[in-house]
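Pasting the structures in now, so scroll down.
Same chain, two partners: subunit A is paired with subunit B first, then with subunit C.
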Partner chain A sequence: MARMKFLCDSERCIECNACVTACKNEHEVPWGVNRRRVVTINDGKPGERSLSVACMHCSDAPCMAVCPVDCFYQTADGVVLHNKDLCIGCGYCFYACPFGAPQYPKESNFGGRGKMDKCTFCAGGPEEDNTQAEFEKYGRNRLAEGKLPLCAEMCSTKALLAGDGDQVSSIYRERVAARGFGAGAPGFDAAYKG
Partner chain B sequence: MSNRSRFTWKAALFSALMALSAALVTMPAVHAAEGALDPNLPTNVQPQPATTDMWRDIRQGEPGYVSIPNDHAAVLIQSEGNSWRILRNAWVAPYGALALGGMILALAAFYLIRGKIRVSSGLAGRQILRFKTIERVGHWLTAGSFIALALTGLNILYGRYIIAPVIGLEAFSWLTVFGKWVHNVGGFAFMAGLALIFILWAKDNLWDRYDLNWILKGGGLLGLGHPPARKFNFGQKVMFWMVILVGALVSATGLNLLFPFMFVDLLGMQLLQLAHVVASLLMIVAICAHIYIGTIGMEGATSAMTTGYVDENWAREHHGVWVEEVTGVPNGKHHGHQPAE
Partner chain C sequence: MTASIRPRSIVLLAGVAAMAALLTGCNEHERSQVLHLEKGVYKGYQSPPLSAETYQALARRGEMQRVPVNLNQQLTPDSLPEAGAGVVVQGREKNQKF
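Showing the complex of A and B:
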């Protein structure tokens, strides 16, 4: 079975934020919650680079390791999902996550954050596939429809790649070899080592 | 206005001359280089700045720019979270369990070897008031909330491995949501209790002239007789100041966890969460010994905190000087001459 991975090519990302918009629209993500974001390094200076980042669906996911109620699970495709019915909103996954992926709908006192929300690789959650209940909690389940994540599908420069890890890696390798520079895909090694 | 424009004209003229001379100098070199290269190669390629340093900075948490209001989101990769995870899961949790298990085993062993510490001169049958109502309220406010906080806190650290497999994830989630609420509210009861016992007992827990002797005799625990003490002996003083100081640390770090990111950044949250867990585990381990000696470990001790009264002989053996102060009757032959059983 495929091992799903994200890769963002910093030599191609033009900070258009289409991935962010596509994600918010596809999953009807509430205000204040950003499952995906674009970070620009050296903004306005020579060597400026942008990267789109969301949950990387890590091999050895730190969120899964620290969750006090064990609400995370990894699918056969390597996608890291969570069960919002179990989540207690403690915020530990946010402390552990290297990519700042976990988001919380509320920011109130006494640690009241509400149920954690994050990128699902467009793979929904533990509810039955493509039901209203699943959509309301986790957004659309495109993987169950045989489609890949919309952020990458929408990417106009094909900077953001999503899909089978081997294919993503070989596309990127070919690109780097052809252009002869820009082998940096930060986060890829951090997420998928080992 | 005219001065400024004249200056600008001069500057522009100077720049133009410089550019022209630079072009004249470099032109032949460029032509020479082009002649040596493959004519099919593109000549207008932008040089790529070295990016290695940039990626290293990103890996070390250097923030960039984001167009959303959340400043935290500007950091692409934070590696401290991994250290937090390793410290919590691979160090604090196992060693905390070891310390807690070790303390329980040590107390069990102590009970088996030393047995219950009896009142060696037998019970007198006369009761004297040891703790007033307000003192007992202070104790039980602190103790009751502490036990609730300890259990719900241990549940956050260990429940996933111990309780969840037994009752299932769904029931465990409900239990933990309830526990989190108890923990959040109970913290304030604990802080109130802590403040109350500090006000009531701090003056009785200062060093006095009986403490050195008490330390030298090992507190009478090892069967060397009962060294005299005032209201609190040195062992109790150590426990008192541990509760006050570690309790204050746990309270401060706990308040910070109740108001996430209000006082500190992400690294601060991670560090203070660890401090909260480590200090709490230390306190839980120490309090096990306190509960032991106040209940099954010693005859005549529990009533001090339940009814407030203790047997006079118990009081003369453990707090001889205090009894003299309270009753006005000298301790005389009662204290310290008989070894415990």
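Showing the complex of A and C:
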């Protein structure tokens, strides 16, 4: 059984925002909602890094833990999905998520929140696969068609990797071995060169 | 007299009942919703798991992400491709950290 994961190689990300555009276009995401964003740290300084961030489909997802109406579930492939029919738009998941993945469409002029929207790993949602209802609520279901998320497939430098966790980690490990240095994240040396 | 009124009133009552049912009934998108929650248990619909063929297709697509690694390649005049053969990316020095 696969466990679907994203991984962004910060050594390769060139902040082109093609992943953001591809996601919005593929799923016809409403205005004001970005399921994926490119975050740049140390912008304009030595050591500048960009990372494409969306829902990381956590194994023990905090959004699932805090949802008062239990509208989240995890598929057999490890993709964290939510049911918009059950969602009450409370925003707890937004506060719980360390990646800022949950998004809310602006429904009224008085700050009223609509149903939460987030990255689905291009796996649609809790509707019949590849139906119009599924597309309108959650976007396209590429996974059911045997395709990986479009953001990763579109990435020109292959910075954004998606797929089975074992496969993704194997690809990244090869890159690190070829480069001779890792991501530079705290603890990387201790973990991989000890 | 009463015999002639009764069928009409029955029809009227049936009409009122049908109208009431129509007005108070749920919209289509509101039907079959979960009303009773149980903490920590998702009670909504879940799509069926992916088939083995789909997994194989996903694995094939995943493998396509394994592009050759050449960012760290030490480029020498001999290793450079011919002009027009493609863009040459200057590699980063080995063990360079930020």
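Going forward, the second predicted complex is superposed on the first by the 178 of 194 C-alpha atoms of A that agree within 3 Å, B and C clash if a C-alpha of one lies under 4 Å from a C-alpha of the other, contacts with A are read in each partner's own complex, and residues count from 1 in each chain.
Just so we're on the same page, contacts are C-beta pairs under 8 Å (C-beta built on N, C-alpha and C of every residue); 3 or more make two chains touch, one makes a residue touch a chain.
Just so you know, these numbers come straight off a predicted model, no measurement behind them.
**Student:** Please tell me, clash or fit, for subunit B and subunit C sharing subunit A in the overlay.
**Tutor:** Superposition check on subunit A flags a clash between subunit B and subunit C.
**Student:** Name the contact category of A:85: first (subunit B only), second (subunit C only), both, or neither.
**Tutor:** In the superposition, A:85 touches subunit B and subunit C alike.
**Student:** In the overlaid three-chain picture, which partner chain does A:126 touch, first (subunit B) or second (subunit C), both, or neither?
**Tutor:** second
**Student:** Using the touch definition from the top, say if A:161 reaches subunit B (first), subunit C (second), both or neither.
**Tutor:** second
**Student:** Quick check for you: in the superposed arrangement, does A:99 touch first (subunit B), second (subunit C), both or neither?
**Tutor:** first
**Student:** Between subunit B and subunit C, whom does A:152 touch in the aligned arrangement: first, second, both, or neither?
**Tutor:** second
**Student:** Of the partners subunit B and subunit C, which touch A:38 in the superposed model: first, second, both, neither?
**Tutor:** First partner only.
**Student:** For A:2, select first, second, both or neither according to whether it touches subunit B, subunit C, the two together, or no partner.
**Tutor:** second
**Student:** Of the partners subunit B and subunit C, which touch A:116 in the superposed model: first, second, both, neither?
**Tutor:** It touches nothing on subunit B or subunit C.
**Student:** Considering only the touch criterion stated at the top, classify A:77 as touching first (subunit B), second (subunit C), both, or neither.
**Tutor:** second
**Student:** Given 22-30, 166-174 or 310-318, which part of subunit B has C-alpha atoms clashing with subunit C after the fit on chain A?
**Tutor:** For subunit B, the clashing option is 166-174.
**Student:** What part of subunit A is shared between its subunit B contacts and its subunit C contacts?
**Tutor:** 46-47, 49, 69-71, 83, 85-86, 181, 184
**Student:** Which of the residues in subunit A come into contact with subunit B in the complex?
**Tutor:** Residue list for subunit A touching subunit B: 10, 17, 34, 37-43, 46-47, 49, 51, 53, 62, 65-71, 83, 85-88, 90-91, 95-100, 107, 109-111, 113, 181-182, 184, 186-187, 190.
**Student:** Along subunit B, where are the residues that touch subunit A in the complex?
**Tutor:** Of all residues in subunit B, those touching subunit A are 48-49, 51-52, 54-55, 57-59, 62-68, 70, 72-79, 81-82, 84-85, 88-89, 155-157, 159-160, 164, 169-170, 172-173, 176-177, 180, 184, 257-260, 266, 269-270, 273.
**Student:** Applying the document's contact rule, which stretches of subunit A touch subunit C when the two form their complex?
**Tutor:** Those in contact with subunit C are residues 2, 11-12, 46-47, 49, 69-73, 75-77, 83, 85-86, 123-129, 141, 143-148, 152-153, 158, 161-164, 167-168, 171, 174-175, 178-181, 184.
**Student:** What residues on subunit C touch subunit A, complex-wise?
**Tutor:** 29, 33-34, 37-50, 53-59, 61-63, 65-67, 69, 71-72, 92, 94-98
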